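After the structure tokens below, expect a handful of questions from me.
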Amino acid sequence: MSWVWFHKLGSPPHFYRIAGRWVRWLAWPAVLLGAYGLIGGLAIAPADYQQGEGYRIVYVHAPAAWLSLMIYTTMAVSAAVGLIWRMNVAHAVAASCATIGASFTVLALATGSLWGKPMWGTYWEWDPRLTSELLLLFLYLGYIGLRSAIEDIPRADRASAVLAIVGVVNVPIIHYSVVWWNSLHQVASVMKLDRPSMPTSMLLPLLSMFLAATLLFVALMLTRARGEVLRRERTARWIGEALQQESA
Amino acid sequence: MSELTADNLHLWRGDLHVLRGLSFSLSQGQCLQVIGANGAGKSSLLRALCGLLPLESGTVRWRGQDARSDLPAFQRQLAWLAHGAGLKADLTPIENLRYAVGMRRHGNDSAIAGALDQLQLDRDSQRRLVRQLSAGQQRRVGLARVLLLQCPLWILDEPTSNLDEAGQQLFADCLQQHLSTGGAAIIATHQLLGLQGTQPTPLELH
Amino acid sequence: MNWLAMGGYAQYVWPSYALTLIVIALNIWWARRSLARARQEAHRRIATQKERA
Amino acid sequence: MDITSPGRAAALLIRRDLRLAMRKGGEWLQPLLFFLVVTTLFPLALDPQLSRLRDIAPAALWVGALLSSLLALDLLFREDGADGTLEQLVLSGVPLAWLLLAKTAVHWLLTGLPLVLMAPLVSTALGAPYAAMPGMLAALLLGSVALSLVGAIGAGLMLNVRRGGALLALLVLPLATPVLIFGARATSMAIAQQAYDAPLYLLAAITVLAATLAPLAAAAAVRIGIE
């Protein structure tokens, strides 16, 4: 029955073991893909005919921006699963996503403004993408703030799950409001991201950076989720054996 | 067939395992008295039974049906009296009861006044703001709400706290009347309930 | 080594990559620390439960 | 068993909250006074020239409206949560989202509407022409409703959480940015006597969305909050 994996993943001891293995399996491809992306982006790919070498920042900015949104969505989906099916593992995953997502949102904002300086002449430009990214950061900080304000873990899980779900519903609304707002005031300054044709030597490193970033996130998240599962586990005997097994 | 059955209830408060696989059943006309040291989880158990606090595991069945499957229907069957007054301080007892009972069923002012008289709250206090009443008087207004809701199941947390001797006797009579008409009750209190007929069954939490 | 000069954009490209490595390193350190701390807590909890049982 | 219908229960709840507000009038005036104070800060920060003020009037009005609705959220659940009546609402058997919609309606009536009624006075002081009034009032009416509804979610989440006014702002303000964007835009177009129906329609869409979804989220938040 296809749902078996879903229930098996739901059981903390199983998740704790599986996640441990996945972290090891994912770490290496992430490093390799990342290395290829970095070298490709910095050295092999030709300069952009308009922006010259400054364009190479896209190889870190785009994956970071992609991660910030993908992580928030993952967080909201696992929070919803945790709330609806009352699965502690899902809440553990949601709790693990928050700080990783916030850190990559900050990275996306920083690399975005560093990229903006040569293009727009200023470090901060109320560009629709950057502004949405900033508001996404506030959503993250609100989530992290609420979670840390409630001591009781199960209650913090449920309250922050409601916030994550409300937040994810609002992300597209906020984004398109900002795009609408920006389009009125000045010419849309399109970031050199959605270019029609990109030579493969430019595209391949970018794709591998995207993949590396995603694998890195999953590995990071699963590492934290294993800890979060332990914190949510009440008195299960399995913790004892799992810890002995690990340290042995 | 019992009114309310709970089996294998587990509940934690922080990392304190307050309910460890608790099971019990409650039939019509029966009163369960929950006793235990402070912090043993008496209030948590009662709030969990009402559906205010989610249980980590275990089920609560009301007349054979899982309470959680249709929680509003189950909650309409019970009257919950918390440790606090559960009243608006800036309303009079009559106004409080008109709104609190009106939420559930069509009450009318004469029934409300009747209930307050039954609990011997003098007419003058019935029209003063709850803020100006003593804790004992506020407790009587809370008990009047429980009477007026006319629910088969009472779940009361320290109902006789702040009540004087006469008040406790009044409550005992109301409880006796409730049980004799086939009602059931779960009460967390250390005081003797002073029932005449069948004595309350103790439920020990340790 | 004009590659390092990044066609005049060195002051923007290199900080971006440096920041990226910092954020990645920070996250790795955070993740491992939170797992280690959770394990210690679990150890302590098991110890206290053994006493109480 | 003559069970009360949700409609009648909501009406009762509205009457109860209105009666309570009558008895504690002062408390409900504070958000309005806060709005007046905040909007008078802007001219002091800029300069008294009306033509210059006209440009920032939408910003002053809408940032003022946003902050005062945030301030007013404390009046929504905190007292009911403390005295145990919120628990009784949850146990009433009437759908909680419906009851919270009624409570939010009263909350808007007492903190949102006065603000809208005061806005013409404030906006004239900020140099808005008389012709801008209808557009501005429509936008503020819709916007304040949406703010109260979205704010109710934040208020629910903050139940029994350590005094966190700033956290409440951090939770609610990002969700309120679309209201700010479309509301301020409609107001500035109204002031400039341009056609303001585009942002107004978008604002109305957000308000309708908030009216349907926000109470559900607020109910979930309250159920968790009173644990």
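Each chain gets a letter, A, B, C and D, in the order it is written, and its residues are counted from 1.
Methods note: contacts are C-beta pairs under 8 Å (C-beta built on N, C-alpha and C of every residue); 3 or more make two chains touch, one makes a residue touch a chain.
This is a predicted model, so every value here is computed, not measured.
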item	value
Per Cα centroids, the chain farthest from chain B	C
Middle chain, criterion being Cα centroid separation	D
Between chain A and chain C, centroid-to-centroid distance (C-alpha), Å	14
Inter-centroid spacing, chain D versus chain B (mean Cα positions, whole Å)	36
Approximate Å spacing (C-alpha centroids) for the pair chain B, chain C	52
Chain centre separation in whole Å, for chain D relative to chain C (CA means)	41
Touching two or more other chains - residue numbers and ranges from chain D	227
Chain C: positions in contact with at least two other chains	45
Where chain B touches two or more other chains at once, by residue number	15, 54
Every chain pair meeting the contact rule	A-B, A-C, A-D, B-D
Touch list for chain C against partner chain A, complex	3, 6-9, 12-13, 15-17, 19-20, 23-24, 26-28, 30-32, 34-39, 41-43, 45-46, 49
Chain D residues touching chain A - in the complex, by the definition given at the top	153, 157, 161-162, 164, 167, 170-171, 173-175, 177-178, 181-182, 185, 202, 206, 209, 213, 217, 220-221, 224-225, 227
Complex interface listing, chain A residues touching chain C	38, 42-43, 47, 52-54, 56-57, 60-61, 64, 96, 99-100, 103-104, 106-107, 110-111, 114-115, 117-118, 216, 220-221, 223-224, 226-228, 230-231, 233, 235, 239-240, 243, 246
Complex contact set, residues of chain A against chain D	83, 135, 138-139, 141-142, 145-146, 149-150, 152, 155, 158-159, 162-163, 165-167, 169-170, 173-174, 177-178, 180-181, 184
Residues of chain B defined as touching chain A within the complex	12-15, 17, 54, 56
